[in-house]
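Next up: the structures, one after another.
Shared between the two complexes below is subunit A, which has subunit B as its partner in the first and subunit C in the second.
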Partner chain A sequence: MSTTTAAAATTEAAPAALSAKGLRVAYGDVEVVRGVDLVVRPGERVGVVGESGCGKSTVALALMGLLAAGGSVTGGVVSVSGTRVDYRDEKALDRMRGSQLSLVFQDPLTSLDPVKSIGAQIAEALRRHSPRTSRAAVRARCAELLTAVGVPEPERRLKQYPHEFSGGMRQRALIAIAVANDPAVLIADEPTTALDVTTQAQVVDLLDSLVDRLGVAVVLVTHDIGLVSEFCDRVLVMYAGRVVEEVPSTALFGGAAHPYTRALLESLPVPGRPRGEDLAWIPGAPPPLAALPPGCSFAPRCTWAQPECAAGTPPRVVVPGAPGRGAHEVHAAECRRALEVVTSGRPADRQEEPRG
Partner chain B sequence: MSATSTTTSTTTRPGAAALRRGGGALLGVLATLLLASVVSFVVLRAVPGDPARLIVGPLATPDVLAGVRTQLGLDDPLWLQYLRYVRDFATGQWGYSYSNGADVTAVMAARLPATLELALWAFLFAVVGALVVATVASFRGGAVAAAAKVVSLIGLGTPQFWVALVLILVLGSGGLGVLPGPSGRLTSFLEPPPHVTGLYTVDGLLAGQPIVFSDALAHLALPAISLAIIPGAFLTRLLTANQLDVARAPFVTVVRSKGVSRWAAHRRHVLHNALLPSVSSAGLVLASLITGSVLVESVFNWPGIGQVLVQGIQRQDFAVVQAFVLLSAVLYVAANTVADLAVALIDPRLRVSGGSR
Partner chain C sequence: MADESPAPLLRVRDLRRSYGGPRSYAVLDGVSFDVRRGETVGVVGESGCGKSTLARALVRLDPVDDGSVELDGVDLASLHGAALRRERRRFQMVFQDPFGSLDPRMTVQQVVEQPLAVHGTPPAERRRLVAEMLDDVGLGGDFADRLPPALSGGQRQRVAIARALVLRPDITVLDEPISALDVSVQAQVLTLLRREQRRLGLTYLFITHDLSAAEHFCDRVMVLYLGRVVETATAEELFASPLHPYSAALLSAAPQPRGTRQRERILLRGEPLARRPEVGCPFASRCPVGHDREVCRSTAPALTAPVADAPGHQVACHFPGELVARPVERAAAAS
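After this line comes the complex of A and B, so read on.
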């Protein structure tokens, strides 16, 4: 799988749980996702990271076919379990949503209908895809699901309403809804952002155990690169609507090939850092998507940038992997200096002011 | 909708909480009624004119005039008159009309059903119309929503009596003649149905007289529509705004992510959430329909309390006007309280919770 887009499907034996090739999304005239490739194998944990506004949540919603009004998929091919998704066929989309592809949303406090019981909201997902199930069977399955996501006393909890649940419990209920029909892929969009740190860890553990128990693949969309490196097998780093680096998480720390990934990692707070030393940060802000700079869109903020970076689209450079790494565990970055970035520790001109 | 509707909290004492809330509501009701009674009492006494003079006529001697004043209690201190007025209202003795001596309680009792029936049908038209228009507008959006907005704005600004006249001229006896014009509640050759509720449509159905029912409904149609237009437009705006608001909530996206179609998600979740805050407004709309039908009643010659009120004001008939004002206040407060209780019953967030989050 090098620069061509069709290679992945042929190298995989089983069809990918989810495959998006050259996905493009536009809001009006502004293209916010500019050709994203994302392949998720069954039972795989894939992370998508990036700053706010880089298009990662848009990718999640676009895959579900649930973009806000004004947004539309303008290009690309998406397949779920080998079947191509037609985003104009609402009926087919409704059948796919929840049964093959499901979503866990950012804010558990606003993601549940406040006037319906938790049980009714889980049951809705079940009934939608198996309408002939008996009432008792649905009830039993709801309780089973709540137990599976770690909510105690499921029988009592099913009758309660969202306001009677804590934030962490609501996120568990939402995960129960998402896995109710054994989907192939669960897209989790910032599932822990609104939760406190302890609850975050519990929710991540829960997702982890669901991958092991149910074999569901998880796409974890987050700005938290630390979380992604712990939870995921592979990480996609997004910047200004493109995947700028695709890296196995074992190679993430120490082996990042894109200056942006490296900068994200360096800006993580590390325990034991000397007092008074400023945390590393990335100067500037992501470019407005309506007016992207020519060439590499990260170049204006990049300490590695050379004059030619502003000239043409950066090439996709494949980083030679460690021996024994699987074919799918490609490590590639869209940067003409990717190989230099991997081998060198810090860029020589790191102290200089960024260009721009 | 789920069958699990009985929610009882095991950790809190819902009884105590409900009692506290009910007590607070009762205090509010009493305060409102007190204020309304004071205002109506003071305003009526403040306007110029002497009811005793109206009763005895311009030729009566001062002695007779003074006698009547004493008899009516108009010489007593104001606070005493006020207390007597409150006592009489509470006990259902609303006095006698100064102008024609009729028992006000009896007049009101005889006239209220006509007004109630008109108001209830107008309410039905307003609510159903608003629900349909608002739901379609908020679901379809775009040009449909814009058109609904324009129509509801026009509806809000249209004078009732003008609509009433136009309806009579176009559909009623003056025009197409498909519906009866301003000719009361029933065609003259029909007997009113046996009195049960006083509402001819309901009584007609109860008595098994479909002809009475349909005739009463035909007579109701035009006045009820005239009366329904303004509150209907108001409810349309409210329901549209609420639904558009709810439709943007993240939980709707979650519902869609289960595979629920956009229409089913709208119907089950958006509509349900949007209706809850509208219930209390609907209560006030109903109260305003009952007490605000004066103009329409005049145009359609409708034998309701509105006409009695107009005559009462013209003749400075304290007893009639006071009774009407207080009755209106009671109706408003009752409708408001019932609506609040209904919301508390159907909104799970208000249902239990005695101190929980």
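After this line comes the complex of A and C, so read on.
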């Protein structure tokens, strides 16, 4: 299953900033990530979206080599800027974290050390990868970083402690730490979920400007399909440990090819939808990962399902792109009826589909 | 319009609630509004605006310092003991966290039955009402015997809704009822709430930070900022033409699927304040319109209705309607 993107990979010239092929993660006997392909090119914004328990955060942690006890990478190849990552080599992982791959977590309060000043925490990140830098140079760079992430009065702020920062400012400080060593890829796991809407807009704006200014690629992991589709160039939709659809953001709304993606979008109250109209929802609940149904794991909840959906693994169907779309802007879905789903147009038509 | 309608079901006047001893701070600073029978009023705002304090004060989980809350003309603040308990069945609440708000050792049947027992419904009648209610929220069959830990977040929230609605309350306060749920489940819970409203003629006060949900679900929406109502209007009016700069910024900031955005984002300056300033408009320090204007810094604006043909559209701003989010330039419009 994981070899299906090999053809796409060979067409790329520069090495991907981050590439995972067939990534598998298990906690004990239960496989929670079941063969995920993720390719991020330099300076790209890629979204990973899905509901609780779909494995999106596990992918982020696995890529960083930060899985909780009991979790392990059981398969797949991960490369960062063309170099393969060996997840058994803790020293190499230490060198990689921060300098090549960085992670920003959801909760900006627990991610910072409450008894160290913000300046000390940024300096620690800098020294870790360049221990010989002079104190003056580190201090200057810390101030520069805080300015870059939009924290006013950096000299004063560096001396302050996390509790003196608001939620939005803490998230900015964390982002400053994450980009301190010019990583190729910044993985942001629900970076704005704990923040207010207006603060969320500021943080998203900051991430956007960092991509433009520093050329860092961003992987945005979130449950918010509106946010990913607006911020990201490409979106991966995860369900039950697999990427069920990979789609350019421009094609996401209105052109989704997987019934799950489509159902997620239909459940959103978006502007322009008549107020009297009831929202659609997905019946049932995601399957427990320890006892997945045979065939397509979404089939039991899918209004498009046919008898054969329960029989075999669904094929990865590539959706022909609009003319002029770049070669790397793959649109593919793991659904045997993907092409029908794309062309079905109006969501209302879906209701009349016979249930399999 | 207001003249034709009968007296409001809920009448809140100048509600104040302070926390914190001698140098106390009013989290709610003179909040007034009406809720008419059968309508859904949304309360939107960000952390610290006082929306949850408002919810708790309305259902008398917390005391209020000043002001009045009248339900059908009865001032709830004046009630105590048995009289308060009797009135309590008329207002119910659904909390945000479906994991913390249900006793893990009570079966679904017991959870939904308890309010009826408290208010003295005979046992046979209770069982019938509970079975009917659970069927309504889609938890019929053997769900009644399950314990909350065996339920998903969406199912728990439906139990919490059943518990609130089984008393047929006059007004139900929904405090962020969907924010802990996955998107696909949120839609289910909203639809359920709306269906029950139509069936039973319920009245909702819907407290949320989710603007799209408020737009979809509410008839009228009230925007709260640092303990004050800064704007109130019908959902259509508010979302089509917000008059307060804060409302305009808040509405423009919500993420929207690519291709559906109508207006450019307005990015606010600086950080939200933790406290209202002593003088002037509470929003002045972040306001793109008023941050450098003398009147905004010195005088707090009162709620007024600046649009002649929309008397229900009220805003507390010296320069209402001045900040408008620019329409998104479509690809076709680019030269």
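The rule we apply is simple: the second predicted complex is superposed on the first by the 332 of 356 C-alpha atoms of A that agree within 3 Å, B and C clash if a C-alpha of one lies under 4 Å from a C-alpha of the other, contacts with A are read in each partner's own complex, and residues count from 1 in each chain.
Here, contacts are C-beta pairs under 8 Å (C-beta built on N, C-alpha and C of every residue); 3 or more make two chains touch, one makes a residue touch a chain.
What you see is a predicted model; the values in this text were computed from it and never measured.
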Checklist entry - Which holds for A:Q202: it touches subunit B only (first), subunit C only (second), both, or neither? => result second
Next on the checklist: Tell me the contact category for A:L158 with respect to subunit B and subunit C: first, second, both or neither.
Outcome noted: first
Next on the checklist: In the overlaid three-chain picture, which partner chain does A:L174 touch, first (subunit B) or second (subunit C), both, or neither?
Outcome noted: first
Checklist entry - Is A:D86 contacted by the first partner subunit B, the second partner subunit C, both or neither? => result neither
Next on the checklist: For A:H223, using the defined touch cut-off, is the partner it touches subunit B, subunit C, both, or neither? Pick first, second, both or neither.
Outcome noted: second
Next on the checklist: A:E144 in the overlay: touching subunit B, subunit C, both, or neither? Say first, second, both or neither.
Outcome noted: neither
Checklist entry - Does the superposition put A:E308 against subunit B (first), subunit C (second), both, or neither? => result neither
Checklist entry - Can you list the subunit A residues touching subunit B in their complex? => result 61, 64, 66, 69, 90-91, 94-99, 102-103, 105-107, 110-117, 119-120, 123-125, 128-129, 135, 158-161, 163-164, 174, 177-178, 180
Checklist outcome for this item: Given the complex, residues on subunit A that touch subunit C span 51-52, 152, 166-169, 196-202, 204-205, 223-227, 229-231, 249-250, 252-254, 263-265, 267-273, 275, 278-282, 285
Item to check | Residue ranges of subunit B touching subunit A (in the complex, touch as defined) | outcome: 1-4, 7, 141, 249-251, 253-262, 268-269, 272-273, 276, 347-349, 353, 356-357
Item to check | Residue ranges of subunit C in contact with subunit A within the complex | outcome: 46-47, 152-154, 182-188, 190-191, 194-195, 209, 211-213, 215-217, 235-236, 239, 249-250, 252-262, 265, 267-268, 270-272
